[in-house]
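Please find one structure pasted underneath; my questions will follow.
Labels A, B, C and D are assigned to the chains in the order they are written; within every chain, residues are numbered from 1.
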Amino acid sequence: MIIVLKPDCTEAQLKHVTDSIQEMGFRYEISKGQHRTLVGVIGDEDKLRNAPLKAIPGVEEVMGVLKPYKLASKEFRQQPSIFDLGHGVKIGGGHLILIAGPCAIEGAEILRDIAVKVKAAGANVLRGGAFKPRTSPYSFQGMGEDGLKLLREVGDELQMPIVTEVMDPRQVELVDKYTDMHQIGARNMQNFNLLSEVGQTRKPVLLKRGMSATVEDLLMSAEYILASGNQQVILCERGIRSFDKSTRNLLDLSIVPNLHGLSHLPVVVDPSHATGRPDLIPSMSLAGIAAGADGIHIEVHSCPEKAASDGPQALLPPQYAELVKQMRAIATLMGKTIDPLPA
Amino acid sequence: MIIVLKPDCTEAQLKHVTDSIQEMGFRYEISKGQHRTLVGVIGDEDKLRNAPLKAIPGVEEVMGVLKPYKLASKEFRQQPSIFDLGHGVKIGGGHLILIAGPCAIEGAEILRDIAVKVKAAGANVLRGGAFKPRTSPYSFQGMGEDGLKLLREVGDELQMPIVTEVMDPRQVELVDKYTDMHQIGARNMQNFNLLSEVGQTRKPVLLKRGMSATVEDLLMSAEYILASGNQQVILCERGIRSFDKSTRNLLDLSIVPNLHGLSHLPVVVDPSHATGRPDLIPSMSLAGIAAGADGIHIEVHSCPEKAASDGPQALLPPQYAELVKQMRAIATLMGKTIDPLPA
Amino acid sequence: MIIVLKPDCTEAQLKHVTDSIQEMGFRYEISKGQHRTLVGVIGDEDKLRNAPLKAIPGVEEVMGVLKPYKLASKEFRQQPSIFDLGHGVKIGGGHLILIAGPCAIEGAEILRDIAVKVKAAGANVLRGGAFKPRTSPYSFQGMGEDGLKLLREVGDELQMPIVTEVMDPRQVELVDKYTDMHQIGARNMQNFNLLSEVGQTRKPVLLKRGMSATVEDLLMSAEYILASGNQQVILCERGIRSFDKSTRNLLDLSIVPNLHGLSHLPVVVDPSHATGRPDLIPSMSLAGIAAGADGIHIEVHSCPEKAASDGPQALLPPQYAELVKQMRAIATLMGKTIDPLPA
Amino acid sequence: MIIVLKPDCTEAQLKHVTDSIQEMGFRYEISKGQHRTLVGVIGDEDKLRNAPLKAIPGVEEVMGVLKPYKLASKEFRQQPSIFDLGHGVKIGGGHLILIAGPCAIEGAEILRDIAVKVKAAGANVLRGGAFKPRTSPYSFQGMGEDGLKLLREVGDELQMPIVTEVMDPRQVELVDKYTDMHQIGARNMQNFNLLSEVGQTRKPVLLKRGMSATVEDLLMSAEYILASGNQQVILCERGIRSFDKSTRNLLDLSIVPNLHGLSHLPVVVDPSHATGRPDLIPSMSLAGIAAGADGIHIEVHSCPEKAASDGPQALLPPQYAELVKQMRAIATLMGKTIDPLPA
């Protein structure tokens, strides 16, 4: 950690800075430049990070050198993590997953219809929301436990691992009984109590990036889950807030190689929520795989105009089937395997 | 609601659109222009909003005319809401509150010391965090119930209403026993289950704007609380994410008159979290009052360099006292009253 | 165009609105809904767009239906435009270009060295800056005309079409003598006089997206060039401003299919300026091609640590050669041709 | 300047780093920490800044300590600069200017009418555009030299200093003959050739912040003008791009004290372009003065619904007159003087 002093920092202030450093149990080195004096602090940066050194009079800037996350970092684990989702489906280290399904679980018949079609198209993980975080209190909020039961049932029938969102620490135990993978939505990426709670389960967690989360913010949220004991975290890019309203959010594909350079955790791309536009989802799915993603998450609905949630952004099953063919071709080129499901 | 059809929309598609509208129980009017055909849908826009009209083939755009929030809107209540926080302190409709205190409650002595000083300076609401939403799982997470007890105790002694953050639906009952006002942090602005939970208490709620929340997002989150039965919501601007890292966040003061034009709810400005810089907090506090804010929220610490959280952004008590003098002068000019506390 | 009236709009105000519409020579239709009255205006939306209808008392909102650009739009030309850059190199409609070269032209030897290597690697357009838009007045500003001569010379030798930036309307005539394609930098995307000036040349123009330009802003800037008579505009995504400083800018790949849906103009992706990070450039180049780009623009330098400008973001020639192999594989899969240069 | 080495940096790489530093004529200090090795470089940081140290293998990060601008900085001039605009009107160091007038100059009669009214209301600088940077090539582009003549004429009659925008380096000489102050628009903030050109005049320059310019970007653009020899630069905040479309742009008032802390140059606030909403302009003007601004720039039109440009954001003369009264009251409180014009 490096402390930059103000140009007018007095000797007394400098002494107070170095005294404070020593008091905290660290060593220091002073380096006087032409315009500024720097104090290098030597010791455990994790402890230093929490010390409000910037509040000391005479200090202009405190510059950290190390990353604040540990368990999520590549220093902690050099090789890409690979997680098993069940039914023979793995993610990470060359295994690409294709998640598909409706935004919300709306009923047995429609869910089964969509699930059969996405499986036939080539998806190997089934999604569906039972608890929906809706911006309006007057919108459909999901089927709750009844929805979870349906999703579990259809997943079992088709031998597909399932993923569903958990929104509230009080729901974790319930959802954990049914799901193969917990999803944490973008709006809850910094709901730290919820992160700790899913961190105490033993199911993989699909952690969606918040709408204004930096790469570091996302990894710090993963760190919450990892530090609670759950080692299976999958990061998910689903678009961030931007100034151009022609897409719902802005898909940031550069985060895929950026995360792969910093962390061993797999990265999924969700072009459905990122773009909100069926006409852009195919290109962005292919680009996601070319960028190195470990999974592609797409909402599919057999009748978008009757969907209870996010209909306008869903692909139709035939569109999805066509897209899977193209995704497979790029995946092969990128050296990725898509694990087949039992027939 | 207005439906804009694609230039190549067929007659069959148009018929499907109008059939769907009728099926939902609405009337329509077709207006054929030079380049585009429009379909005006007449009926309850709230019901229409949830219908995925945009997913119907041939539809290019669906444009809403009405706001999606009701109880938070000025149409619902024309006059500014005024809420009573206790100990004679009101907010809204000409009553300005000055909230001050440490970021986190760290101990009895330091809390009392700061509280006595901010009260003497002129603050009329005491703040302090017992549950802290920290981006790192390794940072100080707050004193929990012990902190709540201390804050209640000091508030009672000094006859100051208190405000503290609640982070988890499971904490609401506990926090409600101690606090005069619940604070919902920026990271939880769209934690809808938490909003519903505080919506079931009868204490005022200070709802902080999320880091990438639009004006409408903020009012929709307020609507969640209002729709749950709690009529006392206070909105709080605390800075949004921006591209310039010279301040912690970007303070958006235009949201103050913008919200006052759309809603009856009071608006507080928090320049501490918005700027993260003690040198900018005084100007931004004065600007906030000039912009019409109903409250100014400032973190004060008597020893920032030893603070357990956010020390570098805290004002020292004498700085705060000086600032209160200037805020009072502008408040008077703006026709605002700062309710005095009992001596 | 649709005018939404305020809920309290009086009959006199409504009459004033409709009188104004008639005065401008348009027809109108009034549609009274439950909560709002709408006035549909029928006539040439291009003329209407410039009328300040929103300033009329009683008007809440004016909603346009048509796009403000014409010549750049797909309505104007349904098929993708294909432009010839010389030496047998085409862009658009299935022709992919690979632009490479140093950020700045620094001297004959180093330029020739880099050019020979990028040609050998497979690039088919040579870039190099003679006029450099530097944020600091104290940085290297480019070699000017001497640089243009060198670039022309090396381009001729290697039979590669060249592209170089023009920054000032006064330079257009000079640059036009040497270059095969004009580049307009991101900072000049709304330098409308410069756009008009290159619009009067007959060379293709590579128009880079401004750092906070929307899709519509970019197409409106293209429209300036097209409306001045130059039909050969190539759009270029090079990253936008965002809140995460881990990359230089934020690459927005969704703009590639978004633009292809709105316009017939080719789209180039520049991952060098977008990411500023050699470790991310390869993935983002592949993703760009998978997203449907018509060109990939990459800065290459044989000694980045001695480069006069933007060294840290340059690829080394062997890295570029390796990347071209991968790009070719994806291009083939996407059905794209990379035109070969004469040997 | 501090160089942070990668964790796996070899001894050979370290030697290459230090050799390079010495080769450039600088001294260095190596400091080996627990996790990272740092190299402090001692010497003229301005020279170092242009060296692509980050491109050297083994280097993770290069952290600058000093600001890249000099003449614009407070280190260069401690006291606030005060500039004389003519007719007894000064800006800076306690002198507040009130700039008002129409967006575009549209004709003699309407300009005079507006000018007389804003002068009567209390404005002391007259604005009006003769060259208009319009996003559409089909919109009104301004009256050109005829407009400049009118503005000069009306300014002389009313003894008001005038300000008008210059868009093109080729116009600088012409505009300089007429105007008292050059305005550089937001879209041209990084049109470096234009900055150099106005830097060669001797008239004050009102430099508007670009839509995605950081504080440092703005000061670097000011540095271009200062380095060209013109010492009279006035900075202007006019709103930045943001994700919320309820206002045209996002007014960043924290930049006012932020700039005052870094620079001696005066700062003007333009709430008209920032908000685009007459209902928000008054509050934001008052907030601007409370934030410490040295000037408030407002567009006023006597018939907004017939304005040739930006009508919907203009204040009516009586609204402006009412606002000036309130601005004067806050200005007095802030210890600011508004220089009176000759009667």
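Keep this in mind: a residue touches a chain if its C-beta (ideal position, glycine included) is under 8 Å from a C-beta of that chain, and two chains touch if they have at least 3 such contacts.
This one's a predicted model, so the numbers in the text were calculated from it and none came from an experiment.
Look at the CA centroids: the one farthest from the centroid of chain B belongs to C.
Where chain C touches chain D, the two copies mostly use the same residue numbers: shared numbers make up over half of all numbers in play. Centre-to-centre separation between chain A and chain D, using Cα means, comes to 39 Å.
Distance between chain centres (mean CA atoms), chain C to chain D: 26 Å. Inter-chain spacing, taken between the CA centroids of chain A and chain C, is 31 Å. Contact of a single residue of chain C with at least two other chains is seen at positions 212, 240-243, 245.
Residues 2, 4, 7, 29, 31, 33-36, 38, 40, 42-45, 61, 63, 65-66, 75, 241-243, 245 of chain D touch chain A in their complex. Across the complex, chain C meets chain D through its residues 20, 46, 49-50, 52-56, 68, 133-140, 167-170, 187-188, 190-193, 196, 211-212, 217, 220-221, 223-224, 227-228, 240-241, 304-307, 310-312, 314.
The part of chain C that touches chain A in the complex is made up of residues 212, 214-216, 240, 242-247, 250-254, 256-258, 261, 274-275, 279-280, 283-284, 286-292, 329-330, 333.
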